[in-house]
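Which chain is which? They are A, B, C and D, in the order written, and residues in each are numbered from 1.
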Amino acid sequence: MPLLEIRNLQIDFGRGAKALRAVDGVSLSLEPGQTLCLVGESGSGKSVTALSIARLLASPPAVYAGGEILLAGREVLRMRAAELRQIRGGLVSYVFQEPGASLNPVLRIGNQIQEALQLHRPQAATEAEVIRLLKLVGIPAPETRIKSYPHELSGGMQQRVMIAMALAPQPKLLVADEPTTALDVTIQAQIIELLVHLRQQLGMAILLITHNLGIVGDIADEVAVMYAGQIVERGPAPELLRRPGHPYTRALMNSVPSLDSETDRLTTIAGGVPQLGAFPAGCRFHPRCAIARPECAHASPPLVAVEPRRWVRCPYGNSPA
Amino acid sequence: MSPNSGFFKASLRIICANRLAATGALIILLFALLALAAPTLLRLHLLGDPNQLNLNGLDQDGMPRSPGQGYWLGSDNLGRDVLSRVIYGARVSLLVGVASMLTATLIGVTVGLLSGFYGGKLDLVLMRFTEMNLTIPSILLAMAFTSLIGDNGRVIHLHPAALPWHFLDITLKRGMLSVFLVIGFVSWPGMARIVRAQVLGVKEREFVQAARALGASHWRLIWRHLLPNILPTVIVLAAMTTANTILLEAGLGYLGIGVPPPAPDWGTMITEGQPYFATAPHLVIVPGAAIVLTVLAFNLLGQGLQELMGPRQKP
Amino acid sequence: MKPAPANLTRFRPWLLAVASLAAMAFASAPAAGDALHPGGTFHLARADDPQSLDPVLQQLADDFLFLSLLYLPLLDNTNGVDLVACAARDWNTSSDGRTFTFHLRPDLRFSNGRTVVAADYAYFLEREADPRNASPNFALLGAYHIRGAADFAAHRTKHLAGVHTDGTQTLVVELDQPDPTFPFYYIFALPQEEVERPGDAFARHPTGDGPYMVDEWTRGVRLVFKPNPFYTGPAPRHFDRIEIMIGGDEATHLLMFERGELDLANSTAIASIPEPDQARILRDPRWKRYVERSPLFAAHFANLNTQMPPLDDRRVRQAINYAVDKTRRAASGRFTPAKGLIPPCMPAYNTNLAGYPFDPPKARRLLAETGLPLPLHLTLWYATDQDSIMQAQEIQADLHAVGIELNLRQASFSELNDAAEIPGKVQMSLSGWFTSMPDPKDILGSQFDGRTITNAATYNTSFYNNPEVNRLLDEASRTLEPGRRLALYRKIEEMIVGDAPCLFLKHPILCELRQPWLKGPLLEPLWPIRLDRVWIER
Amino acid sequence: MLTRLLTRFWWSTVTLLGTAFLTFFLVNAVPGDVAKVIAGSKASGEVLQEIHAKYHLDDPVLKRLGFYFIQLAHGDLGHSYVTDQAVAEAIRIRFPTTAALTGLAVLMWVALAVPLGVLTARFRNSWFDRTILVVATVSLSLPSFWLARVLQYWLAYKLGWFPVGFFRGLVDLLLPAATLALLMVGYYARLVHTNMVEVLDSPYVRAARAKGASETRVLFKHALRNALIPVITMLGMDVASLLGGVLFIENVFALPGIGNLAVQSVLNLDVPMIMGTVLFSATLVVGANWVVDLLYGWIDPRIKSAG
C-alpha cells in the first residue's frame, strides 16, 4: 500500500461562478521511504497540491472540489478536525520555503520544537530530546541555541530548525515545499544533503517541491512535473531526467542552474506562467511551447501512459529528444 | 461627455461597489440635500422656523412636546421644531465638519509631503511639531484655542453674486469660522504622519526615481508623482477625519464653547436638552442620533473606501 | 451657577409678611432636642466648591449655606420673620439709631477649645473693613458708615474707632449716620490666632464656634463636616456627619436624589429644582408632597446700557420693556413677573406700580417715534447657565417681533462681569440682584446710584445716572421712620422704572425637594436653605 | 536597546518642552484681565495691583516664560488663579480617579475587543464578521457625552443598576468605565482584527497548523501575541485621545478627575490650571509611549537586539 495516494485531485479558489481551478485532476502516489519530487514553476499548483495533503489550505477561499487523498490508507478530505490534527505532524510534516517567516518570531526555538513533541510525543517532550533533534540536523552547540529566538539565527540554521521541528514527531512523510529557494547556493546544497542523509537514517518518505530540476537528480526516486494545475509528466527520476517526454520538462531542464555554477542567470522559458483563471484553451503550455502545432490551441491532450510508470501529457513530445 | 462626468461616474461606480461605502455616501447625501434644501423647505412652510419661539410648541406645563403631537420629532424647551433644528443643525455640522476636514487635510498633507519628501532637518522639525500636537488631547487643545479666538462674523455666498441662488447662502455666524479653524488646527497631526509614511514609500519607487533622474523639479515630482499616489490614502483619511471633526465640533458645542446659539448646533442642542432628559428625552436622543448617523456615515464611507482601495491603515 | 452677578448682602429680614409654605408647615415641628434627632449622615451634592469658608472672604450667595454650620452669628432669625438672639444673649439700639450694643453668651467656645470673647467680633469687623483683605463685603459694610471706617481703611488708625468692647462679653458698634438695617448684618466671631496662621489654612479648615467643623475639604471632590466637640450654642446639633459631594449638574443631582442617593435635591442656596423636572416632580405622587417653595428677595433683569446708542434713548428702552412677554412660563410657579425691582415679598413692594405690560404694538409705536431705522441691532450678553440661555433666546424672539435684531453673546460668568463694567462695551446683559434685606436700600442703592458709574468696578452696569434718584437714595437710607422710608423707596423705584435702565423680568421663587425622612424647617426667603435646622428621622 | 530608550527619552523631553512652550503662548493670549479672574470682578485697584505684582502679570511675556520654565524645573506648576490651590496638588488629588476610570475601561474593552477581533479574523467575511464590523463602526461614531447621558439615565436612573454619579468607590466607576469601553471597543476590535488577519496569513501560523496544533492553540499561542504588538503601541498612543473621551465622561458622571478639572479651568479661564492639565496629559502620553517602548522589547524579541 502506498503511503500517499492522490487521485484526481481538484482544488478551486472561490465558489460558484467565481471559482478558479488551481489544481486540476492531479494524481500521485508515494511509497514509504521513497522520495517524490514535484517540479514546476511558481503558480503551477504544486504547492497547493502539497499543502492539500494535510488540508492546510485556508478554506475559504480554497475548495476541495473533487478527488481523494489517501494517507496511509485514510481519506484526508473526510477527516474531522481532531483526526486532522493528529496526522499533521504525526504522519506528515512540513518544511516551508521561508524558514525566517515560518518560525514564530516571538517564541524561542527550543519552545517551538518542544511544542511539536508535546503535540505528538508528549512523553518525549524534554529538553534532551530537543537537543538531540537539533544535533541531528547539524546545529552546533544546541544546548545554547534552544534559548535563541528565530531572528538570531542565519537562514540555513533557521531551515535546520524547521527540519528538526518537522522531524520531532517522527513523521512517515516529510513534505519539503521549496526548502532551499530562499537560501544561498552553498546552503542549498547543505540542506539537500541533510535531507538525503536524514532519509537514509530515519527511513521516511519525502515529497520535495521544487522548481529546480537540478537538485532532483540527487535525491528523487520519482519525479512529477506540473504546469498550470495539471501534471504534464511523471516517471522514475533517472528515466525522466535522461529522456524528458514533455516539451515543458525539456524547457525546465534547459533552465536548470547548476549547483556549483557561479552565475544565477538561467536560460528562462519564453513567456510567462499563465495566471490562475486565465489558462489558455487547448494545451495549456502551447503559447510557450517550442514544438507547438496549430491544433494544440484546440485539443487539450490527456495524460497518457507512454511506458510502464511513465506518463506524458503531449502527443508530439513523447518520442524522446 | 465631459471629463468631469466621467470622473463622477467613476467615483459613483467605486462607491457603489462596496455596500459600506454606498450606505455611508447615501446617508451623507441625504443630510447634505436636506441641509441645502432647508431654507427652501422653510419658505414653502414644509418646515418650521428653527429659531422661532412658539408657545404652541409647549404643553400646559410649559414643557416641550413629545414627537408626534404636531411636531414630527417633537419641540424643544422653547417650543421650536426639533426636526427643523436638526436639519438646520446639519448645515452647521456638515459645514464645520467638512471645512475643518479641509483645513486639517491641507495642513496635514502639506506637512506630511514636505516632511517625507525633503527629509532631514525639515522632517525632524516638522515631525517633532506634529508629535507635540499629538501629545495634547485634541479636545483639550481645541478648548484652549477656542478661548483664544475672538468673534468674527462672515457671510459666505457659495454662488456668483449675480445669481439669486440664496439657498447657497451660508452665514458663518459668530464663532463658526473660528470653530472650524480651531478644529482644523487640532485635527491634522494624524494625517501628517500617515501621509509622510506614504510619501517615504512612494519616493523610493522606480518611476519617481526615474523622473528625478530626468531632472524633474521638486514641485513637479510632488505634484505629478507623489500626490496622485497618496491620493487614495488621503481620501480615506479625509472621510474618517470628517467623522472626527464632526464629533469634535459636537463636543465643543456640548461644552458650550462651540457655535453659539441660536444656531441649531447638534452638540449645543444636547446640552440644552439634557436637563429635560427625564421629561423630554427626545431633546437629547434626536440630535444625538443625528450625530451618530452622520459620523457613522463618514466612517462607513472611509471604511468602505479603504476596503476598495486596498492600502491598510488603521481600521 | 447663578445666572447673574449674585450679591448676597448680609442683612436679616425685619418685617416679613411672607412666610414660605415650608415655614408654615414646619412652624409646629417638634421642639429641637438631641434625643429626637439621632444624628446620621446628611448627604448632599453641589456643582462647585464654596469659594471660601472664611466668612470675610465668602463672596457667593451659594456659600452662605455653610457658614451657618461653622459659625454662630450674633443675631439670627426664626421662620424668616423675627430677629432672635444667637451668639448674643440680647442686644439694644440707641434712640438715635446709631449705636448698637450686643451682650454675648458667656459659654461659647471655638472648635479649638478657646472661649469666644467680644474682641473676636471686633476682629471680624476690622478684617472686613480692611481693604488689604479684599473682602467682597468691604463695600457693603462701608455703606453703614461705621465711625472711623474711612480712616481705618486708609491705615491711618490701627483700629476701627466705632467698634469697641466692654470687657469680654459686650460689643458696641457706633455708626456715623442712623441705619435701621444694621442689626441684620451677620457678625461672626473669628479667632485671630487661627486666622493669622501662615498659609491659607484658615480658609480651608476654618475654626468657628458653630455646631460643626470641617473634617475634610478636597477641592472639586468633597466637603465633609464633623461635629465641633466644643459646641455649646443655643440650637441643637442634628448630624454626626455632613457629606457634600462636589461636581455634576443639577439634573444629575436630581436623578441621584430620586434614587435616594441624596437627602436634598439641591444644595445651592439660590437654585431650585431644575425647571425641566419641576412639572414631572409635581405630578409624581411619590414626590409632590415633599416639594416646598419660598419667594426670594431678588430681581432678575437685563441691564440696558443707557450710555450706548440706541439705548441712550429712553423710548427704545421702554419699547424693549413693552416688547418682552414677562408672563411666559409664570404658570410654573418659579417666579413672579416683575413690574419693577422690589420683590413682592418685601414690605416696600408697590402694588400700584404699573410697570410695562406685554404690549408689542406700543413697543413698535415707541420705536417708530424715535425715527431710528429698523431693524435695530443690539447685542445681549449672558452667562452660560441654562436659565440665562433660555431667557436670552426668549428675549431674542420677542424683540425680533417688534423689529429689533438681538445678537446673542454667551460669556463666562467672570468675562461677563468684567465686560459689563467697562463703559460703552456691553449694550445689554442678563443680570440679577439678590438681597437678604427686607429693605430696598440695597437692591436700589447698590446698582442705580449714578455716582458709582465712574468707579472702576461698578455694579451700575446700566450706567444709569439720575441726580434726583441719587439725592433721594441718600435721604431714604438715613430715614428711620418706617412709613416715610418706605414711601421714599417706592418713589425711587417709580422713577427708575420710568427711566427703564433695565428690562425688568422677574422675581424668582425657590423650589426645593427633600426626602421624606428629612424633617425640620428648611427654607426661608433670605438665607434660603438652612442646613443647620433640619434632621433625619426614618 | 539602552541607546534607543535614551534617544526616545531625549526626544520625549524635547517634545514636552515644546508642548510647554506652545501651551504657554496659547493660554497667555486668553482675553480678559487675569487679575480680575483671581480677585473677583469687584476687587479694588489696590488689590488688583498687588495681584499683578504677585503673579508677575505686568512683566514682558518672555520674562514670564522664563519664570514659568524655572518653576517647571522645580516641579512647580504654579497656583490656580481661582482657588489658589497648587496645580500639582489639584492634579495629584484628581489623578487617581482618572487613572482608575481609565484602567478599568482599558481592562473592559481589551477583554471584549481581543476575543471579538480574534473571532472576526478567524471567521473573516462571515456574517458575524460583517455584523461586528458595522457594530464597531457605530461604536466609534458615538459621541461620548451623549452615550454617557443615555446610559446614565437608562441604566443608572431608570433601572437602578448602577449609581448615577460621583466617585465614592470603585462601584461608581463601573458604568463610566463601561461607557468608555463601549466607545473604544469598536476601534480596538477592528485593530485586533486587522492585525490578526495579517498574522493568520503568515507562514508561521501555517507552520503551526502543519505541526498539528489545535485551532485554539494556533489563535492564542501563535497568532495573538504577534497580533497584539501593534495593538499595544496603539494603546500607548491612544492615552491622548482617551483623555479626550474621559473628559466628557467625567463631566457627565460628576467624577472628580483630570478631565473635569480641565473643563472647569477652561470655563474659569484659570490659566495655570489649564497649562497644568495640558502639560500633565502631555507628560502622560509621552510617558505611556515610553512604557510601550519598554513593553515592546519584552513582547517582541526582535526589538531587543535591534539596538
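Rule of thumb we're sticking to: contacts are C-beta pairs under 8 Å (C-beta built on N, C-alpha and C of every residue); 3 or more make two chains touch, one makes a residue touch a chain.
All of these numbers come straight from a predicted model, not from anything done at the bench.
*Asks:* Report which interface contains more C-beta contacts, comparing C-D against A-D.
*Replies:* Contact tally favours C-D.
*Asks:* If we define chain centres by averaging CA atoms, which chain lands farthest from chain D? Would you check?
*Replies:* Farthest chain from chain D, going by C-alpha centroids: A.
*Asks:* Could you name the chain whose Cα mean is nearest to the mean of all protein Cα atoms here?
*Replies:* Looking at where each chain's C-alpha mean falls, the closest to the middle is D.
*Asks:* Please tell me the distance, in whole Å, between the geometric centres of chain A and chain B computed from their C-alpha atoms.
*Replies:* About 54 Å separates the centre of chain A from that of chain B.
*Asks:* Taking each chain's centre as the mean of its CA atoms, how far is chain A from chain C in angstrom?
*Replies:* 91
*Asks:* Distance from the CA centroid of chain C to that of chain D, rounded to the nearest Å?
*Replies:* 41
*Asks:* Where the centres are mean C-alpha positions, what is the separation of chain A from chain D, in Å?
*Replies:* Chain A and chain D have C-alpha centres separated by 51 Å.
*Asks:* So which bits of chain A are touching at least two other chains?
*Replies:* Not one residue of chain A touches more than one other chain, so the list is empty.
*Asks:* Mark out which residues of chain B touch at least two other chains, giving numbers and ranges.
*Replies:* Correct list: 256, 274, 277-278.
*Asks:* Could you check chain C for residues that touch two or more other chains and list them?
*Replies:* In chain C, 249, 255, 384 touch at least two other chains.
*Asks:* Let me know each pair of chains that touch one another.
*Replies:* So, checking each combination of chains, I get A-D, B-C, B-D, C-D as the touching pairs.
*Asks:* Which of the residues in chain D end up touching chain A in this complex?
*Replies:* Residues 125, 201-204, 206-215, 221-222, 225-226, 299-302, 305.
*Asks:* Taking the complex as given, what residues does chain B use to touch chain C?
*Replies:* 51-53, 55, 60-63, 77-78, 151, 174, 256, 260-262, 272, 274-280
*Asks:* If we count contacts the way the header does, which residues on chain B are in touch with chain D in the complex?
*Replies:* Chain B reaches chain D through residues 20, 128-129, 131-132, 134-141, 143-145, 147-148, 150, 243, 247, 250-251, 254-257, 267, 270, 274, 277-278, 281, 284-285, 288, 291-292, 295-296, 299-300, 303, 312, 314-315.
*Asks:* Tell me, which parts of chain A touch chain D in their complex?
*Replies:* On the chain A side, the touching residues are 51, 54, 56, 58, 60, 81, 85-90, 93-94, 96-98, 101-107, 115-116, 119-120, 149, 151-152, 162, 165, 169.
*Asks:* Using the touch definition up top, name the residues of chain C that touch chain B in the complex.
*Replies:* Residues 249-251, 254-255, 274-277, 279-280, 328-329, 331-332, 384, 386, 389-390, 392-394, 396-398, 407-410.
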